[in-house]
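If you scroll down you'll find the structure; I have some questions about it.
When the chains are written out, they are named A, B and C in that same order, and each has its own residue count from 1.
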Amino acid sequence: MLLEIEQLHLSFVAGDTPAHILTGIDVDVAPGELIGLVGESGSGKSTTVRAALRLYGDEAEISGRILLDGVDMVQADATEQRRVRASSVALVQQDPRAALNPVRRIGDSLAERLVKVHGMRRAEADERILTLLTEVGLTHPERRMRQYPHELSGGMLQRVVIAGALSTDPKLILADEATSALDVTTQAEIIAMFQRQIRERGLGMLFITHDLHLAGAICDRIHVLQRGEIVETLQRPGLFDAASHPYTRTLIESAPALARKGRS
Amino acid sequence: MTALILPRLQSKRRRSTALGTWVSAAFLALVTGAALLGPVLAPYDADEIDFAAIWAGPGGGHLLGTDQLGRDLFSRLLIGAGETLIGPVLLLVLATVLGVTIGVVAAWRGGWVDTLLARITDVMFAFPGLLFVVLVIAVFGKGPVTAIVALALAYAPVIAKYTRSLALSEIARPYVDAYRVQGIGGLGICLRAIVPNLLPALVGYLVVLFGEALMSLATLSFLGFGAQPPSSEWGLMVQEGQAGIIQGHFLPTLIPGAAIALVVIAVNIIGVRVADRLLAKG
Amino acid sequence: MVRALRRVGGMLLTLVIASFIIFAAMYAAPGDPVTFLIGNPENLTPERIASVRAQYHLDEPLLAQYWHWASGVVTGDFGRSFQYHQPVGDILAARVPITLSLVAYASILFAIGGIGLGVLAAVRRGKPTDTAIVGGTTLAASIPSFVLGIALVALFAVQLRWFPVAGAGSGGAERVWALTLPALTLAIGALAIVSRVTRQSMIEQFSSEHVEAARATGLAERFVVRDHVLRGSWGPIITMVALVIASMIAGTVAVETVFGISGVGSLLVDAINTHDFPVVQSVLLFMVIAYMVVTTVVDLLLPVLDPRINRTAVSA
């Protein structure tokens, strides 16, 4: 297993009363698997990912077990947490424009982790990034490396971010609404690329989205999240046909045309 | 003239903030008492020269010692409190009357009055710090009255700009139209409704400006541009006492200096509290 | 480029207006400058008065006098001092370097100290260190610079004898030594505003997604702070540092007086006390120009730090 989340509880301590955000989350991702985590905004899907990476500080109280590539992130100290983040896993966020430092060149942003975290020489890092930028389908990769984020379109930037995510050969990718900000065509291209990477590299991916039909089209298994709780898990084959929870049914019916396609 | 950017208070700091506010308020009450009753309470005359007791240390008939002319420091401090505190009050009253009038008129009339205000503030802001005040003093000569009027002229555009932004949102409210329908004129609406409604926010801003105004006025007196001898205004006391520093007589200059700093600190602590209250009210 | 030209054009216009105000104020001053120029009342003969008036263009209208003065200033002729009977340009040339060294020294101190404290407060936000830094610097800013200066002299120069009591030293290491206390005095008052802007700007960056992304790559926290949080915060920090430096040139008036330093600040005080109008005008003009040049230059340089500003013309 690349990711094993067991009975994850999380609450934020703001002021005197703690706010419970996640209640008993269970999610597994094995190599080669594409697992969906679906829910409306505020359902706790992004929080789950950030908790898994331990990106929250003292403000969040966490209990349960989060095994990331065999390391329990709940028990691990800061150094160990950082090692896991650096080598085993990569995060792809929704807005690539916000995810890249606006005042740095793209090449510098991508090379940074290879040089500062993995001790690679800069020339070597640049070479690797160049290969990856080509692999994710960007034209003129040398020029892209010298450009600033504001000079590229959203779709191009998301490819840049994904190239960055792949640059350290992670085993697991956490994609947090990674295609939601893109137009339909670009979305399809990026998803095809994700699927190819999963196939070729044997990656595991946790795909977070508010779009149940998109998840239905690509995921091996889907967890439906409502108010910080997994209310239903949909398995292939069958998927939507087995859906029984009223919340899941609402989500399915919210886009009837696509729902039919998903059921086929 | 950088207006203070107030620190946001976190809930954890409430308790200590409350204590700080009470201590500050008590201290200011004490100083105000001294300012009012100073001449009555003072054991000596402020300018009673005693050449037999030059640079006397504390104790021995002089609570805080004496200065280079043998004048009793404690008495001078008490008597000087009045002039030190009334100066910033006067200049802010003057600046507020000017500033609020200009600000409200600019907001009400718009047009050339508004443009003129914007140009005047632009040019004023080209003179950093106290330079505009220094210019006025260079022209009209030094002295407490010039210093106060010059500072009031420097603060008026700042207050006008602030008042204008407050008044603009006030004028946009429906009640203004309601008054107009009743046939009440512009002046009437401004005086009866707009200005009174601006007062709470304005008072909070003035508390913040008070600390700055006191510092500025004391600085001018220290430079010899404000209060003139034989006054015992605190800034002037610091300047006169400075001569003793080199011989190791620190108190005649450090005591009035500390008094100025403590008053400013206390006012600023209360200012933060007032601003906090106003923010909470929305 | 268009933005730069407009900015410089705006600055020059404000400068002309400010210089006119400075000049006209002296013109309007009560009292006849001839009496100061001649000095000894026994020399006040009608012929002498007439010749002095002609020499200083005192009998021409205001605008003509302003023109004489302004065109002189542009060519480096600031007029003659009433008090010292020598060209104001020479007096300024001797004093400006001292004031500029003082401001430069203070700027290094407050920039390093203020940004350092701000970074520390931001990293430890909400913790006792943060509260102590915000509280401490705010208290320090409530002490007038002349009081702080005198307290530092009393403690470090008179009591401990570590520094000279007055003067700017004769140059080199001695000058740096002598300017340490005055520079500290100027710097301490600026710590609050600079550390607060640094802290605020960084706290906003801490919650941004690219900082989270950097952290998610396993980057060590010190790199996250240095290369992402601080890197993204420079805009407001540099602007504030520049604003403080620009105002500090005027702030030397009180500090130079406290420490008996012969810079332009103390020159201004002397000139006002002796009604030496040409000197007052020139020093005021120098301070206004310095203030406007510093703020304009920073405004123009900011795009270099932030490539985004190029497109979205931010103006002051």
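By our rule, a residue touches a chain if its C-beta (ideal position, glycine included) is under 8 Å from a C-beta of that chain, and two chains touch if they have at least 3 such contacts.
Chain identities (UniProt): B = ABC transporter permease subunit.
Remember, it's a predicted structure, so these values are computed and weren't measured experimentally.
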item	value
Category of the chain touch graph - line, ring, star, complete, other	line
Centre-most chain [mean C-alpha coordinates]	C
Inter-centroid spacing, subunit C versus subunit B (mean Cα positions, whole Å)	23
Inter-centroid spacing, subunit C versus subunit A (mean Cα positions, whole Å)	51
Separation of mean Cα positions, subunit B and subunit A [Å, integer]	57
Subunit C residues within the subunit B interface of the complex	14-15, 17-18, 21-22, 25-26, 28-30, 126, 131, 134, 138-139, 141-147, 150-151, 153-154, 158-159, 165, 193, 196-197, 243, 246-247, 249-251, 253-254, 257-258, 268-269, 271-273, 277, 280, 284, 287-288, 291-292
List of subunit B residues in touch with subunit C within their complex	2, 4-5, 7, 10, 12-13, 122-123, 126-131, 134-142, 211, 215, 218-219, 222-225, 235, 238, 242, 245-246, 248, 250, 253-254, 257-258, 260-261, 264-265, 268
Sites on subunit A touched by subunit C in the complex	50, 53, 55, 78, 82-87, 90-91, 93, 95, 98-104, 112-113, 116-117, 148, 150, 161, 164, 168
Subunit A-facing residues of subunit C, complex	208-210, 212-221, 223, 227-228, 231-232, 234, 305-308, 311
